[in-house]
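Both complexes shown next keep subunit A, but they swap its partner, so subunit B is in the first and subunit C is in the second.
The block that comes next holds the complex of A and B.
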């Protein structure tokens, strides 16, 4: 699968010449070309460890992965949408919505009913977006940008502008999703890992996964192969909504209360992680594994910069530089050269 | 023309004048354009309290508008209020700079303008009668005093190390609170060191992440000052998850979550800022200006210290 995807992602002369002479790359070269982002990740980890020896402290690593789990779970769903050739900018607002709804219903219906109700409501939103993009063939950027603000408005209306808090924080089992641990591993990480494995297998090994690549890589060809594109796109948005609902669940459970702007701005961080992982905005390329690496890179950059104690004004700039460096290393490794002007 | 007619006319004019005069003295028409009601509980509660206070006062008639966070809409609302010839305008600026031309327009139309909650930029000061709102620098220095007093009680004021989680970079409120805290702390507790400041962007989840990194980086943290309770509770969650007890948390703008954590004894102190006081102070300032009373240009309403010890004197915040 990955051979096909890397070709569709890089229809440049450089990529084609690389594809024509794969033997000359050698074992290390091939590894670099396929896992450039992993090499970049390793380099940053080494750099931050030199800057502050506590960076590799197991507690710190566990903490960063736990914090990244919320963003990560959302990125898994968005990976499907992006590979199918679309965008989802509504995930931040939708996550706020999920968090606020589940917290509100927790006190009204009890956690056992609140969770499925919240999932149902968020899946309805996902289905609505999927319907607009898949069946009415509206541009996904416009649809989800609109939904970003519409769902934000919905959340504000629902909450009446108030922060949502669970009244009885001590006497509920609802905190298991965000605060407890199984065999020493925090549950958010377990949920993230579980979803990543499940969705990773779905994307790489099942007929549905191959259809997602086909729809994003070459829609016309997909249609001629008898793939019902609308249904695939619709399902991708449902998967994204499911992931967002899970992220909202973890978020709500982690702090048992929330502002109604909790997910604001996350859509861009999610997208950054997905692209950092090498998924193509044109569709047809990307893997769940690499998205996970992208999420971890973002998480560790933010944590590393904090530990180094960099002035926060500089952190925004440095974050951006590191992202560009990572993408460049990845692309350069794939092309087999650092310098490649648009010809 | 008969003198009778003249007399009738005179009486009519006189009574009309009297009537108008009485009407003027009886009701003042005050317009307000708010920043963004519904976006958070503070602003929602503010609006409710403002309307309630106005209804309780028979001399006041209000026009209550909301700009929805949009500068252009707020400017249009200012123009509407000028057109309606209200007696005074209260504005909660969506943007401290962009609203100045509209404020000047009202000033030129002889309508007094009162700014509420967050002030406009200094170049607009000539066009406003008064600013009514919280004094964020005092809030910061009071937080420093709360922290220092607690350290003295614990006997660690000679060695304590603290970290600060500030509000969103660029926000006046964030800058002023941090400044008030940083200036006051060395005066009251010269041996307490502020080891690091990072922004939590008014966001609980972000502060939790920042605090997690602080806890990894520093083995010894005795106190955390955060720019509001929402961020403070995020930091508290991080400390609880890491099993680090005994840290003194001090915040500002006491939220319901902060109040609850204070009840449980996990969170030490904060600054009590009530949207109800904020709204009532703004309305009172406008009334005082219209009655020709002497109103201070910076008309701060009091935001007292609240700690675990004295919290019974305060009702739980609704937001």
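The block that comes next holds the complex of A and C.
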């Protein structure tokens, strides 16, 4: 049977290409498609700088990075999941959950106990998703889309539908994660940088990281090489949950009070950043460094659009357009064509 | 009979793929009301010829004549409209649709406003089903039918057009004996209605039972046509193999050591039953049989990908259970899988990472992968196996098939396994690399490795094996030593002939 399949795989493209009229990209086109995001980014930056001189102001730049930190921390974890060949759309509502839980426990247990308790609960959610996707081999899109909704319900149930606030906002040290700075660098940026370096090294240098690429690149071949695929996928979701918990911690600490929808919609922005960075939705490709670049690009474009006077609400549309462009260019670069009827 | 105008004639068909002449000046014809067997080894060109006939490939040269009309088959649909119908080995039906919908898929009868005329659809279908004498109704869901009945649906589909020739490709592969009888009845009905039938099969017994003439392909060329009633299986086999093989077989004799792997009455559902064999250090055991005979399933069981339903596996005399590939690797069993690209390699990864993948947990410097050690391993096996690549950073997907296969082999050799299983070692690999890989397998045996080679190519099994296990539909028919094996008795064993003689 596999004999037949492999033959068809080899022969049909040639046989079919006569009838099809794919748009060939050529060398320059392929380069542009591959680096298209950077090219587009450069054009945006130049445009924004001309349109508004405040864009390149150091304060503005620092502001963009700081406000990107929460998104960025989440994107780090999702990068592992995407490289392993899966999706995580639950990170937005999981982040709301983390934020609400840690704020609530802050007053009940004190910050020192609230933080580890929150991490434990969020990791349980991650483990549950990892079990469903890794061990039961359920489709990650369905599982995490369902979890997006389920965790939102969990958060609303937990909070009774109300917003959560810390009672004594002056007397707590809990604000260090979101509001203070070390050596002039805001702690959220520091946490983002620390996590990015740690996870970046993990992905690039450890045996586990290598297995993530193998499982995402070709799960069957990874299994045939003795890699326990389910365990790798499970661990990726744990890492994602850990990052989400950290993002929730920063969010809670920054505002010391929160709506229970604070993370709503972030899953798409996170995914946009990861794809912008060049991680393939097919799995097997991407790096933490590139994701960081993707996060910054997204942050600067959104900031630039605000500065040129685009309404905040328009950003939802813009984010979507960026995702579509990124995915299209990714596929186009891979097949060397902007459009093709097969594959 | 030879005075008749053939239902279908192929004249001087030639088809070349890059580097391979798949069909070389092939001509033969099928008469109306004749069952004409097409035989040949795997790779002899049967499938390519059928693809040319079915419009999937265009011939470089030659022509197809249906009745008296030379035709060009632009596509499978075109072939069907010209009266050439295929009954494929792998059924191409939609499980969730009814029998009638499947039969008329794409050409459902319409009423006004483009609505489907269900009444006419079911009436037409039942008429055809009546001709086939089947037990199911036009409204039955295809997914609920047995494989044999699904095949009947395919045949019914063939009857909706005015078929000139019907091609059966290994139709009995998944049928029970009772179902075969029904199929043969249908074939004989078709035959008496004047349709020409091409019947592709490896099974001698069936060939003698239902065909009128036999045409043989070998190495892409037409080798002759025999009248079934005036021939025997020796003649056919002779025509199929034909070549004079290098019988020295490269069996540099070396000491065969202790038994490493012993398999005792192992079964796995219907895939294979009561399989027993052993492999010694320094020995190459070849497994030969048709696709689906159970060879790959045995390899997958030994590699921990399938749980056996009965029987035992012994490693170095100890009874062993192997639950996962990781388990198998730890016990020194390695598998070079049959589908290199889907199972053997992560194509987007570089050569070095692919080669060290199974041992990446063991190659550590502190918490990190010891990349220096990895490069050393890669360099060592690149030199030893003569892998041609610009460097370890090269993505494996860019290498040739032969070099890719060497990466997979190097991946396991670098872990010094006790048992190396190689499934279809040279599928899709050019001739040069092929003999390199054959020599390598012999060398490995010389070094004391226990090697199992699974292959569908007879010359390959004969060339590399010390002993050959012949399999037919899940059972070991016979084990040959290299002294007693001949191409003749091997082909008979894997066609199930010896089984019938025993039974």
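One rule holds for everything that comes next: the second predicted complex is superposed on the first by the 267 of 343 C-alpha atoms of A that agree within 3 Å, B and C clash if a C-alpha of one lies under 4 Å from a C-alpha of the other, contacts with A are read in each partner's own complex, and residues count from 1 in each chain.
Just so it is clear, a contact is a pair of C-beta atoms (placed from the backbone, for glycine too) under 8 Å apart; a residue touches a chain by one contact, two chains touch by 3 or more.
These numbers come from a predicted model, not from an experiment.
K.L.:
Scan A:144 for contacts with subunit B and subunit C and give back first, second, both or neither.
P.N.:
Neither partner.
K.L.:
With the two complexes superposed on chain A, say which partner A:217 touches: subunit B (first), subunit C (second), both, or neither.
P.N.:
second
K.L.:
Taking the superposition on A as described, I'd like to know which of subunit B and subunit C A:246 touches: first, second, both or neither.
P.N.:
Touch status of A:246: no partner.
K.L.:
Touching A:235 in the superposition: subunit B (first), subunit C (second), both, neither?
P.N.:
A:235 sits against neither subunit B nor subunit C.
K.L.:
One more residue to check, A:86. First (subunit B), second (subunit C), both or neither?
P.N.:
After superposition on chain A, A:86 lies in contact with neither partner.
K.L.:
Common interface residues of subunit A with subunit B and subunit C?
P.N.:
Shared contact residues on subunit A: none.
K.L.:
Could you pull out which subunit B residues touch subunit A in their complex?
P.N.:
37-41, 43-44, 169, 196, 198-199, 203-205, 208-210, 212-214, 216-217, 230, 233-234, 237, 241-242, 255-257, 260, 319
K.L.:
Where on subunit A does subunit B make contact in their complex?
P.N.:
It comes out as residues 52, 54, 57, 59-60, 63, 67, 70, 156-157, 160-163, 165, 169, 179, 251, 254-255, 257-262, 302-303, 306-307, 309, 312-313.
K.L.:
State the interface residues of subunit C toward subunit A in the complex, per the touch definition above.
P.N.:
17, 42, 47, 56-57, 90, 291-292, 303, 305, 324-326, 328-330, 335, 337-339, 341-349, 353, 357-358, 360-361, 363-364, 367-369, 411, 427-428, 456
K.L.:
Which residues of subunit A touch subunit C in the complex?
P.N.:
Going through subunit A, the ones touching subunit C are 1-4, 6-7, 10-12, 15, 201, 205-207, 210-211, 213-214, 217-218, 220-228, 284-285.
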